[in-house]
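Pasting the structures here.
You will see chain A twice below: alongside chain B first, and alongside chain C after that.
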Partner chain A sequence: MMSGGYLLSLLIWLPIVGGFAVLFFGDRVLVAKWLSLIVSGLSLVLSVPLWTSFKTGTAAMQFVERSPWISTIHSEYYIGVDGISMPLILLTTFTTVLIVIASWTNVEKRVAQYFAAFLILEGLMIGVFAALDGVLFYVFWEAMLIPMFIIIGVWGGPRRVYATIKFFLYTFIGSLLMLVALIYMYLKSGSYELAVFQHMPLTLTEQTFIFLAFFAAFAVKVPMWPVHTWLPDAHVEAPTGGSVVLAAIMLKMGGYGFLRFSLPIAPDASRELDWLIIGLSLIAVVYIGFVALAQRDMKKLIAYSSIAHMGFVTLGMFIGFQIVAATGRTSGISMGLDGAIVQMLSHGLVSGAMFLCVGVMYDRVHSREISAYGGVINTMPKFAAFMVLFALANSGLPGTSGFIGEFMVILASFKANVWYAFLAATILVLGAAYTLWLVKRVIFGEVANDKVAALKDLNGREFLVLGVLAAAVLLVGLWPAPLLDVMRASTQQLAQQLLVSKIAP
Partner chain B sequence: MNSLAQFSVSQFNAGLVYACPEIFLGLAACAILMLDLLLNDAQRRWTGVLAVISLLLTTILVTLQPVAGKIVALGGLFELDRMAQVLKVVTLLTVAVVFVYSTDYLQRRAILKGEYYVLGLFATLGAMVLISAGSLITLYLGLELMSLCLYAMVAFDRDSGVAAESAIKYFVLGSMASGTLLYGMSIVYGMTGNLELSAIADAVHNGLGDNIGLVFGIAFLIVGVGFKFGAVPFHMWIPDVYEGSPTCVTVFIGTASKLAAFALAMRLLPEALAGSQGDWSQMLVVVAVLSMAVGNIVAIAQSNIKRMLAYSTISHVGYILLGILSGTAQGYQASMFYMISYVIVAAGAFGMILLLARQGFEADKIVDFRGLNARSPWFAGMMAILMFSLAGLPPFIGFWAKLGVIQAVLGVSYTWLAVVAVLFSVVGAFFYLRIVKLMYFDEPTDAATIGGSVLMRTVLSANALLAFGLGVIPGTLLQLCQRALQ
Partner chain C sequence: MQSIYLTIALAPLVAAVIAGLFGKSIGRAGAHSITILGVGISCILSCYVLYQIVFAGQAPFNGAVYTWLVSDGVTMDVGFLIDRLSALMMVVVTFVSLMVHVYTIGYMHDDAGYQRFFSYISLFTFSMLMLVMSNNFVQLFFGWEAVGVVSYLLIGFWYTRPTAIFANLKAFLVNRVGDFGFVLGIAAVLRYTGSMDYATVFAHADQIAAAQIHVSSSIVWPAITFTCICLFVGAMGKSAQVPLHVWLPDSMEGPTPISALIHAATMVTAGIFMVARMSPLFELSETALSTVLIIGSTTAFFMGLLGIVNNDIKRVVAYSTLSQLGYMTVALGVSAYSAGIFHLMTHAFFKALLFLAAGSVIMAMHHEQDMRKMGGLKKYMPITYWTCLVGSLALIGFPGSSGFFSKDALIDAVHESHRTGSGYAYFCVLTGVFITALYTFRMFFMTFEGKERMDHHTQEHLHESPWVVTVPLILLAIPSALIGWFAVKPVLFGDYFGGAIHVLPANDVLGRVGEEFHGSGAFVWSALTALPVWFAALGVFTAWVFFLKRPDLADSAERRFKWLHTILVNKYGFDWFNEHVIMVAARALGGGLWRFGDQIVIDEGLVNGSARTVGWLGSVMRYAQSGYLYHYAFAMILGLASFLLWILWRT
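This part shows the complex of A and B:
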């Protein structure tokens, strides 16, 4: 374990403290905005050394901080990152800055509270990715619900109350079952440290119950079919910034949870129940793909597309067991895992960008209905170019970030069974269908109505946000090697952990 | 029998030193009762000030008492241990906070009378006697002193018909529960031949554990404890009394008297009847599950926030019982932590209602909190902290309380009970969220500025921030509870 000063702590607490500071400028809107920009920008800058000083050759935790926290339950303030969590933290800081910039003028009421909520949320999300102690993780995981609940509920659309309470309760119920599992393991091992959980022997029955408890928490968050129904509601009703955080980062927490908890803590149960995850993932890919095709609301369409893409992530994580079962070889496991993580990051960028694009149009026309648009390219050529790029990335065009992860997961699926690969690959067809059809109806064609005719193209601020995202999408798509290098050691170690039975002798 | 044989006057008098905080509080209450007669209505505030000062002085006296292990004094009637010390301090400070919250409220509705404070002080004295009780006699004595004062306090606003109705209801049901408790005590006395808790514990250990007569007596004790706690199915009085009482009395019943009920349960069950743990544990499982279920589900249907908080109390009592029924030291510590954290949060929540109330407006409807964020972002934030804490969300104190009791029941392999507990807390989260929803998502319908003296606003803010601060750094309070019940 390598220590790295207090960088991670700073990354967690700077936005939280900054967020509370912003609250005190409730009546001076401009101060609040600039302070938020400075805090989120500083967080982004501070997170860069996380990447540049990261040692790629090891799976050990880096930038570790460890001190006693609550002695009576042996819980520690124990944080650190490895190749799986580090890119997700960067994604978080990156996305938050973009959200602050993108929301600069389109929030009208309680502006300071809006920006404060996003800053506090940022700190808590980084805490989730960095926590290496079960209780600490849980505290961040649950605390995160509060700002999101407020964001959707205060600044959301007409059915925001329904959507936000549904979001909260769905997530809460899963999380509490996870808490029971965490306490159970603590009582067995006497520690809340995740590494201890990962190494403690557990019988298959115990593992199965623990796996199911974690599944309740993470499957809701990912979200997997059939517990996905909160997501379309939450996305549709959330303000643009809220949708972006949900899609770009919060959904990734479910995937991260599978990687950090379910797989290494209950590898035997994961192997026994891989059919469940793979089955649900394929249903998500195929069935939800068709559901997305039928949507008339742009945000809903992207929300369903998110569910389908996240199905790919869970597929990549659990396909390894099928590879071993089918071929007896272990070579494809880490490819599936790598693919899943790349897919998470890519989806974070692409879906975030798609929601921002919808936000740009919504700010001008105040409608999310696809039918309210048509021929946007005639009045907004620059915007149309970005939108088409992100749409292509969403459908997995080579050269964009969307392609890398999907390709790796499909390749890994091939090693397991051709039919898995076949079903998984339908995402390329369906994804292209619903995304490009969306683009066709909204962007191309004749100018549909007066509102579209009156549209103004991107202003400098919007251009900046979408431009940076477009660059990131292309960069990951064309040159994924640095990203894969960072993850390699961690995913290989995880792949090893999956193969070793933890059943007590 | 033994203790009576050894009784000597000089030894008895020497023991009085351990009871000096109680003696002081009793004398102070009498003195304030006298002094209040000399004040006119304009000076009436001073009664409150004096009451708070005497509570704080008593707190200091309690903390100055050196406690190592368990001290038994006054011929076995009185017991002083760490648990007693901690519970007394919390009770005294809670009552002091309640008095601060109440003064404004009483004044604005022109019912600021010295009797409120005097009755409150005597009730506190009863709670302290109960907390330190070493025998069934003192236990009952303390309980009755407290309860009788509370009955009178409920009816304190004598022009209010609802309050009078609640008081009668409370009195009749409370007397019945006291009678049941007394009946249970008499059976226990009959079986063991002792009134002293430690002697009962010995007798139960030496072969009486599963005696059917004793178990019969325990069942009656559980009824009495369940009633004072407000656990289902002995909860009927709680919503009516909470709603009908003046809010400043509701907060008293909701906090200080719950601490006393906790002490009652701890003295009777784990201390005196540890040997029959298997029996009362099973009874408490039923009571706890019912309390969590009824409390959380019925609270959803309430439109009056005092009633909602009443059902919320019922559900929290279920969680507190989880720790007690586990029968382990960790469980008792967890329960105690839960109790203290609940008292902190409940005092704050009722304090918010008192803050919003004004002449002719009780602020006791849930919708009265609508748009609070637009009226006062600060107090909306405070209320949000309290509600999230009640819902058991980190990083607020309520989360650690839940964590503790769930840990306790999992520790004795009641996994199903832990799952039931967390599922009901999801149900519970809904109605706490509804308050947050009203405060933040809705626009205000009431433009009145928020009243309250500077002192009250400060104490209330400190109270809510305590729920947050102890949620971020819960270690100290957890350790305190651990040391209190080793």
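This part shows the complex of A and C:
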């Protein structure tokens, strides 16, 4: 364990404190905006040393802070990052700044509260990724939902109440089961430390119950089929910033949970139940791929596309057991894990960018219907260039970040079974079909109507946000090696953990 | 040398970025100057590299430029393999590209998207170079997809045309079906060799050959056959082999220069190149090679037939391209990889020439592409006429032309082969010669000879194209006519490719053909008594009778064989099937899963269903909380009584 001062704490609490500070400027909108920009910008700057000072050779937790917290239940304020969580924290700080800039003028009511919600959310999400104590993790995990409910419920569309309640019920019920599992393990071990959970022996039955409890929490978040229907509704009703944070970061919580809890704590149960995850993942890719084809609402289409892409995340994580079963060798496990994590990060960039693109059009036309558009390229050529780029990234074009994760997961799943790879690879066709058909209907063609004819191209602020995202998508796509170097030690350790049975002798 | 290779690849990229991002500030002249400069540098350096390797005896280069990523102990690099195969491809690609760049100045002269067009074609050149220069599967796939994307952007270049944006989506998706197979092939390669690097993979090809794939509990396939067929599915998409050919004719919606560059000379031959590059793998699977052979011959024969009934000048050339790609694939299928690559090279010159000539005609005709409205253009456009004649003769394999050498050797090689399907293939490629000559000269006669059928206004303005158009035509006509004479011996029968192409001794059909080879002149002389030349002559004669001398005969033949004509005009129903069965089914399935699966079963059934169940439970439970004291007292008595009963029963 390497200590790193108070950097992580600063990253968690600066946005939260900053968010509450912004609330005080509720009547002075400009001050609130600038303060939000400064706080989120400062968080981004502060998160850079996480990367630059990160030691790549080790799977040990870094930037660790540890002090007693709730001593009666032996819960500690215990945080730190490894190669899995660190990139996700950077994704969070990066995305939040972009959301603040992108939301600069497109909210009219309760502006300060809107920005404050995003800042507080940022801190809580970083807390989720950094927590190494079960209770601390749970607190951040649940607290994070509150600003999200508020964002959808207050600034959302006409059916926002339905969407919020659906979102709440789904995620909350799952989380409660996770709490039960955490308490059970605490009663058994006398500690809430995740490392203790990961090393304590557990019978297969115990592991199975623990696995299913966590599964309830994480599968909803990913979201996996068939508990995915909250996502399209939530996206459709959420304001642009809410959709971006939901797609870019919140969906990653589920995948992160599988990596941090399910796999290392219950490796034997994971092996026993891997067919379930693999099956649901492949359904997500194929079934949802077809469903996305049928969408008429741009946000719904991208939401369904997200579910299909997240199928690759869960597939890559759980494919390892079958690789061992099929080949008798371990090579391929960590490629699946690497692919899953890269897919999470890339999806954060690409789907975030896609939702921002929809937001740009929605701000002007006030419709999300595909049929309300057509020939946007004629009036918004710069925007069209970005949209086509992100659409190609969403279709997994090599050279963009969208390719890497899909490719690695397909390579890994081929080692387990030809048919897994076969079904997973259908995304090459389906993903391109629903994404580029969207582009054809919205971007290309003759100017469809007067509203499209009156469109104004990107302003400087929008150009900046999309340009930065485009650069990130291309940079990761062309040179992912540094990212993989950061993750390597952690994913390899996790791959090792999967192979060691925890069943008590 | 590495910096030279990097310059070759990056010069077009830099030019593309400058023309694309700063097109407005550098203007039209700036855009075409910078991109022509970029591609020109690449072309000159490629020629230098070819010279170094072929004549100066330089060893092949194989090295990484940078590490793309490392995962699970597998290193994926961006790197170059420059051997005789890639050097040849680099010269072909950059030369044709340079010609097309110059030609574009004239062809796109009035287009509003001038700079954008130059940026795209330079970007294409970069992508294609990365594809052919690659030393590993990952970068191959990069280039593979990148050329696909640029093709997508260029087919849809005129993005307001509904046909163009339909065609580009179709092209991309059909190619993705091919890539679907390609990715599985790459995954199989990694599974059995543990590497993505060509050299390592080929060195361990025997590991793939030794492995088996359990498709189901009872079906087991040899891994090598599976791998090669999957890789070939990728080639079928990119090189437009039946049934994944449907996108290529529609791709003619793009501007003509890119039809010449992308959809004739370079990108569509990527599949041919790829299979030749993978010869160490394909050689190990007879089944895969037979598949290649049969698909290739089917494409060569049946797609050629479609050229006879089409009246759009570009589409005729496009069907001809399909048919010629089939010829190349046939060559691969009989293990005559060198013949495939040789035909690829000659075809790149004469087919680019034919497309550019067609473009020159289209410009003169004010963007009219229907050959029924042309005729007699010979006297207005002499340079286009003569260069197009050279291209046409090369295409039909006129003795001595470049196409003659490549096609005749190819047919001889098929004749020598005893592989399953080679009889069918021989029939297809031989009768294909007649068909090729027929549709080629039908096009030639309808365009340049006979009555002038255009309207008066067009006729008044007919004139030869400017020099930026005619000079590339002439420069392409020279290799189309001559390159066969001195290239046939080293490339086909010498050891030109050395280690770059691998053929098992038992499969070496070209070697057997080569035993009969005694110089280019003798090759031409002996061919005069062989079938293909006479088939070609018969084709030209038939075209002359039916489409120039007695057009009424063509009409009556059309009436007599109405059923055949209908089948051909409907392109065997592939498009109908794709649009009315596959597309409809996919959308219906998507809509059905969404409405039934998501909305009814999950949302109505499970989610709102559980909400209703909870609500119903609540409404029932409500009765228990009536607020009446006697209800509660009664419940207490009931509870107490049951409790006592339980204790009694226990004791």
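Criterion: the second predicted complex is superposed on the first by the 505 of 505 C-alpha atoms of A that agree within 3 Å, B and C clash if a C-alpha of one lies under 4 Å from a C-alpha of the other, contacts with A are read in each partner's own complex, and residues count from 1 in each chain.
Here is the rule we go by: a residue touches a chain if its C-beta (ideal position, glycine included) is under 8 Å from a C-beta of that chain, and two chains touch if they have at least 3 such contacts.
Please read all numbers here as calculations on a predicted model, not as lab measurements.
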Comparing the two partners chain B and chain C, which touches a greater set of residues in chain A
C
In the superposed arrangement, does A:426 touch chain B (first), chain C (second), both or neither?
second
Touching A:292 in the superposition: chain B (first), chain C (second), both, neither?
second
Name the contact category of A:145: first (chain B only), second (chain C only), both, or neither.
first
Counting contacts the way the document defines them, which residues of chain A are shared by the two interfaces, the one with chain B and the one with chain C?
169
What does chain A use to touch chain C in their complex?
166, 169, 226, 229, 287, 290-295, 331-335, 338-339, 375, 377-378, 388, 392, 397-399, 403-404, 407-408, 410-412, 414-415, 418, 421-422, 425-426, 428-429, 432-433, 436-437, 440, 443-446, 478-481, 483-485, 488
Please give the residue numbers of chain C that touch chain A in the complex, ascending.
66-74, 138, 141-142, 145-146, 149, 152-153, 156, 159-160, 162, 165-166, 169, 172-173, 176-177, 179-180, 183-184, 186-188, 190-191, 194, 213-215, 226, 586-587, 589-591, 593-594, 597-598, 602-603, 606-607, 611
Residues of chain A defined as touching chain B within the complex
23, 26, 69-73, 110, 113, 135, 138-139, 142-143, 145-146, 149-150, 153-154, 160-161, 164-165, 168-169, 172-173, 176-177, 179-180, 183-184, 186-187
As the complex stands, chain B meets chain A at residues 333, 373, 377, 381, 388, 393-395, 399, 403, 406-407, 410-411, 415, 418-419, 422-423, 425-426, 429-430, 433, 436-437, 440-441, 474-475, 478-479, 482
